[in-house]
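Here chain A shows up in two complexes: once beside chain B, once beside chain C.
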Partner chain A sequence: MSGRRQGLAVLVAAARTQRGAVGLVIVAAVVLLAVAGPLVVPHPPTESVTGTFAEPSSAFPLGGDNIGRDVLSRVLAGGWLLLVMAAAATAIGVGGGVILGIAAAYRGRLTDGLLMRAVDVLLAFPQLVFALLLVSVLGSHGWLIVLAVGISHAPQVARVVRATALEICERDFVRSVELMGTPARRVMTGEVLPNVTSVVTVELGLRFTWSILIIASLSFLGLGIQPPEANWGLMINENRIGLVSNPWAVVVPTALIAIITIGLNTFTDAIARASLGVERPAEEAALAAGTPLELAS
Partner chain B sequence: MSTGTAVAERGLIRLQRLGRTHPVLRLVAVRILLGVLTLWLVSIVIFAATQALPGNAANAVLGQSATPELLRAVERQLHLDEPLSQQYLSWIGGVLHGDFGTSLANGEPVSEFIGPRILNSAVLVLVAGVIGTLISGALGVLAAARRDGWFDHLSSVVALAITAVPEFVVAIALVILFAVVVLHWLPAVSAVPPGSQPWDDLNALILPVATLAIVIAPYFFRMVRGALIEVLEADYVETAELQGLSRRRVLLFHALPNAVPPMIQVIGLNLLYLAGGIVVVEYVFNYPGLGAALVEAVTNRDVPVIQFIVLVLTAFYVVVNITTDVIALLFSPRRRGTR
Partner chain C sequence: MSAAAASELGVVDEAQPLLAVDRLRVVIARSQAAVVDEASFTLDQGEVLGLVGESGSGKTTLALALLGHTRRGLEIGGGQVLFRGLDALSAGPELRGSQIAYVAQDPAAALNPTLRVGTLLREVLRADGRFQGAAVDERIAELLEEVRLVGVAGVLDALPHQLSGGQQQRVMLALAFARRPGLIVLDEPTTGLDVTTQRHVLDTVRTLCGQYHVGAVYVSHDLAVVAELADRVGVMYAGRLVELGPTGRVFRTPAHPYTRGLLRAIPSPTRAHVLAGLEGQPPRPGARPHGCSFTPRCEFALAECRAGEPAPAPVAGDAHWARCLRADTIVGLRPLAELPERERQPEDDGEPPLLEVNSLRAAYGERQVLTDVGFAVRPHRCLAIVGESGAGKTTLARCIAGLHSNWEGTIAMDGRPLSADRRGRGRELTRRMQYIFQNPYTSLNPRKTAEQLVEQPLRELMSLSRAERSERVSDALAEAALSDDYRGRYPDELSGGERQRVAIARALVLEPELLICDEVTSALDVSVQAAIVELLHRLQRTRGVTLLLITHNLALVRSLADDVLILRDGRIVEHGPDVLDQPKSEYATQLLANVPSLTPA
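Let's turn to the complex of A and B:
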């Protein structure tokens, strides 16, 4: 079976399981809401149009927020940027991790030793703390948060990919291609990479979940996407003090973050089980591959 | 300096001698040396991120209010007028002597006003770690004992959901349920007034501890369940059962001890997870620990405080990692044989 199809086949197999289908539907629903939301906002999301923490009414079904903005409009407008940033951070983290992991496994010796030492050093930082460290001096810019979260993913991905790639590098077909004089880079991209795609697919799911988690947490701490722009993490923090008057301003964004991360994790779990061909959840697969569990946030 | 090198050399020679006679001790020594190396590299990363990046820290600290005189004063305070290597050396030299600089926000020595917060955070991490481990371990045993029963299925779904959501979602959900909207049993804020200890007001500790305990529970739960199921399928368990021992006895006294090494690994990983988890949870509950202080310092761009707290958190990571590795090594029968 060709490599790229291997990753795709795992996805299809996962989507066909009951658990995977449920996860996928949940994710699709929230993504749809986040993407289509900004197009259908009933009120301008950054303008005060009702009372501070106003209770829900027919014109404002979810009431008002801390400065009288429409909660429903802010919920609809506040998801897409979070998802775009999370996707970009995932791409950087998994892309970098795959390159490092395969290079370490294939080159071995000194390269492997140095790369894995660097991985150890970066792993000592809890992911949220690493992002905070970069944001502290450079300020909270969207690109910086994406980069910080991406970089903090890379070592964990590198470990998992390296563990799988090490075994592939020992196989006969890799050895024979080497003997034919194929350059190292071609062996890595043409022979090793296609054979780690199912592991990479699992990593994509896991890292996407964690990206949402960390970026939402940063926003919640007031150090992510800056106000007055609407976003779910920040909304929860802004409106905590009004929980008694209008709980919806907190409950709805909290629920949306919970729903999409749970949906993603459920789908990822199905991918992990499909990729192993046995009933084993993602964490155990990661543990078997020699990685620590997620040390995020 | 020279006496220090001599001491280190003598220590190294003694370690080498020990290593020849005790292979396990040698592995431990290597692990510790690697840990020290990692910490040193970590300190360079922290320094590079806070002080060496082009976005000059002095500018960041002062922001809009930067006048040339003020800028120079802050630069002197942060030693930014010296070459980078010199800056690093004076910073790390201070750290090794217990001098972590003075806070840019309030002018107090960092160790003096952050020091007590280490204790507060340690209380939170330890209590949450112990409670989370005990409860999730017990649930794991239950799930393994009735494998594929309703409890097993329900708990695995709940575990999957909990691993997915951020800490602040769990925290806010608990606040809504128990402090503000639904019930009014517990305080939503867990401030520790100056002069008192975190354990003086246990009610205030409940929600932050519960949040962290819930967040780490799924990992240990899954590990215990998985390890027990594997052990229960082993031959010697069957033998024990055939000898007429009760299932509960077999589970608790024969199967459980064999699952100890992987359990220790997961307990270690959970402690590490907590080191990051306190950031958000302390912030939510306004609990005066390292995490809340870090958020505040990042908001104020208080570079010496940021450096100190991140160094403490990463040192905790390295120490826990070494400790769990060593304990797992001592428990592992394969290694024990080589002693």
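Let's turn to the complex of A and C:
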């Protein structure tokens, strides 16, 4: 109720900037393609309908893949699952990270020390290697991939959220609520959480980008979404041997992943700037710098 | 360059003022809305000009513009600044730094924390061709003497953070005076310093300006400080100088209603009178009304005031002018004469104390902050706890409130001892004692509306129906002089004073018996402070609330407190109802003597 105002206001402010609008349009276009794609596939995406690495023709505008399936149909059908998995992994990672970050910042002392040292250890692994490690231990079902990628995000998010939450926890309004005898859990959810929403919004965008890349990478390595299901990451792997015969089978999924990444990054950047006030009109910035706080007598 | 050479020889053209500012205008770069407009004044050498006004009045912007500098997003939109006949706005290092020096408000932020004081001084002197080799060390020794840092052992080898706030500000003064400038611009240099330290810094500035014939522009929101230091004072409102004249005359017989309003809002260290707050808020740049900007808040306004911005008109001689059509009427009124004296609370009504503190010892980690503190607060009275920074007054308040639990001794309410940990105190005790924080910019959750903020303690501590809660929120807001329109507003839609009122309403909603007010007005402008002080006073009288006032502002204590307790280094120096009138200890006498006064002896 209360946190929404700022969170939404930041999103709207971000979308209004040129940078934000461009990013949003790019993301929306790719998401639309991935969501509506499965409904408009010209051929069944898992059946061989043309020649192996067939060159583009009028019936198959992007040609055929490694076993003669229609590349266009597979591109249209292969996005939504990737995006859904990425979204789920992002939600798990950011959710977990926010809980850990706020708890560490608010509890302080031992909790903070333990949580943050654990985060340091986890951060020592490159994220992809860490996700691979988890998948190889846990197995490679779709939901396990989501879980593994989500868990691999949590330490990064936790660290960023903790930094912001630490400053919030020092403010007097947290003291004032503590004086009312409010339990710690409610102080964290009711007072601290609403004040870190802009950081969380930025993290959501960033982590979503990373999720797509990592899940696509895992698919490329043969983990995760299993053949014959279509998937952009998997397609790159399947078709790379035919790069010379029909490059579209590799180029198009690669380009789509790149484009949504760029779009997401651009939009996230706009959010970050909007929440920091970099894109605020100069009047407001000048006033904000000049107005409050002439402390003491 | 010729002027610089002339100043070195001590030759000064008598006819030419040191500084001549003509219709200086500073605007917001994007919208061209004026932040400072039509600023014109002159300054002679050796003269101190005070610039006063509330936050947002443009005084700092004007001071920086004298050096040709503006904050990000602002630019100089017109006008002229002549320093000894040279254009200071377009001048480079030949004027700025060497001839015009600047002292910033916060020395801790202005000094490079990685450089030792000696390095800082040498760096400045080397930038000047006049000081080479042994002359640098000679000048440094001389400077330390001038800013009275000479007795501080190892000061040249100290890093800024190893010095106290007052010493840091002296280093800033040394840096500013190092190259023997002709003009020095000081931006609130004593804000945040204790009265004793402030007194020393002010003495230093006065002596140096007098001794070396340096002109000074002294920016401050503290009229009493300016009264003690400045020869002339300029009052700023909404980006314009509205009144300018000899300090004594402006403060005794102000001609502009805004100056008059400010003077009536300031508590006096010598007389406990009722304070008159200024209603309303100054207009923002770009949103200034047609005509005189002060009209909406002015009790003397006429229809003509809205017609056009009044030009500066001389008041009783040409040294004093004001931008007000009714200046001649206002100058004839004594600003403080009709403000009634406060009646004092009867001495002893025989009631047992509400709060008793006995042999309290408190520590932060290894450091002992309070030693053997004991006192009693009788109900319906206001006890002020005063002391300089580090005296332990906030720690004392926090121990009582339950925000700091590392203490020994007893704190008892109605004779029942309180546990150190607030969780052991129970709902009823929590409800009866409320704490109001110093800074309303951090004490309100920015994501909650005024209504949610005020309602929160009711939800946490009392079981009431929705309707009952809503009614009590309305009552509390009304008590804090906020209409129901404020319910839906978020803190960033409120001014500092309104925020503090919401914080007070949040405390009042529980109908507490004891209000602990920790420097509640120190983040606010004087006009707002006056209204908050009057509000607290009314609560004490009409609702019988007992006040515990933590402050370093002795004038405020005079205005509000029935009893005074002076803390020094964690110990009680003096306690009683007559501490301000008949101080017994040397420390209290000294402290009182150091308080700047609007009417210096």
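We take it that the second predicted complex is superposed on the first by the 275 of 297 C-alpha atoms of A that agree within 3 Å, B and C clash if a C-alpha of one lies under 4 Å from a C-alpha of the other, contacts with A are read in each partner's own complex, and residues count from 1 in each chain.
Simple rule for what comes next: a residue touches a chain if its C-beta (ideal position, glycine included) is under 8 Å from a C-beta of that chain, and two chains touch if they have at least 3 such contacts.
From a predicted model like this one, the values you see are computed outputs, not experimental measurements.
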| item | value |
| --- | --- |
| Chain B versus chain C as contact partner of A:125, first or second or both or neither | first |
| Contacts of A:173 with chain B and chain C, given as first, second, both or neither | second |
| Contacts of A:110 with chain B and chain C, given as first, second, both or neither | neither |
| Touched partner set for A:39, first chain B, second chain C, both or neither | neither |
| When both partners are placed on the shared chain, which of chain B and chain C touches more of chain A | B |
| Touching partner for A:181 - first (chain B), second (chain C), both, neither | second |
| First, second, both or neither for A:216, with chain B first and chain C second | first |
| Chain B and chain C contact sites that coincide on chain A, given as residue numbers | 281, 283, 287, 292-297 |
| In the complex, chain C residues that touch chain A | 28-31, 33, 35, 55-56, 60-61, 71-74, 188, 191-193, 221-222, 284-286, 401-403, 422-423, 427, 430, 435, 437-439, 441-449, 452, 456-457, 460-461, 490, 496, 503, 506, 522-523, 525, 552-553 |
| Residues of chain A touching chain B in the complex | 117, 120-129, 132-139, 209, 213-214, 216-217, 220-223, 233, 236, 240, 243-244, 247, 250-251, 254, 257-258, 261-262, 264-266, 269, 281, 283-284, 287, 292-297 |
| Complex contact set, residues of chain A against chain C | 2-3, 5-6, 171-173, 175-182, 191, 194-195, 281-283, 285-287, 289-297 |
| Residue ranges of chain B touching chain A (in the complex, touch as defined) | 34, 37-39, 41-42, 45-46, 49-51, 53, 55, 57, 60, 156, 160-161, 163-169, 172-173, 175-176, 180-181, 219, 222-223, 226, 266, 269, 272-273, 275-277, 279-280, 283, 294-295, 297-299, 301, 303, 306, 310, 313-314, 317-318 |
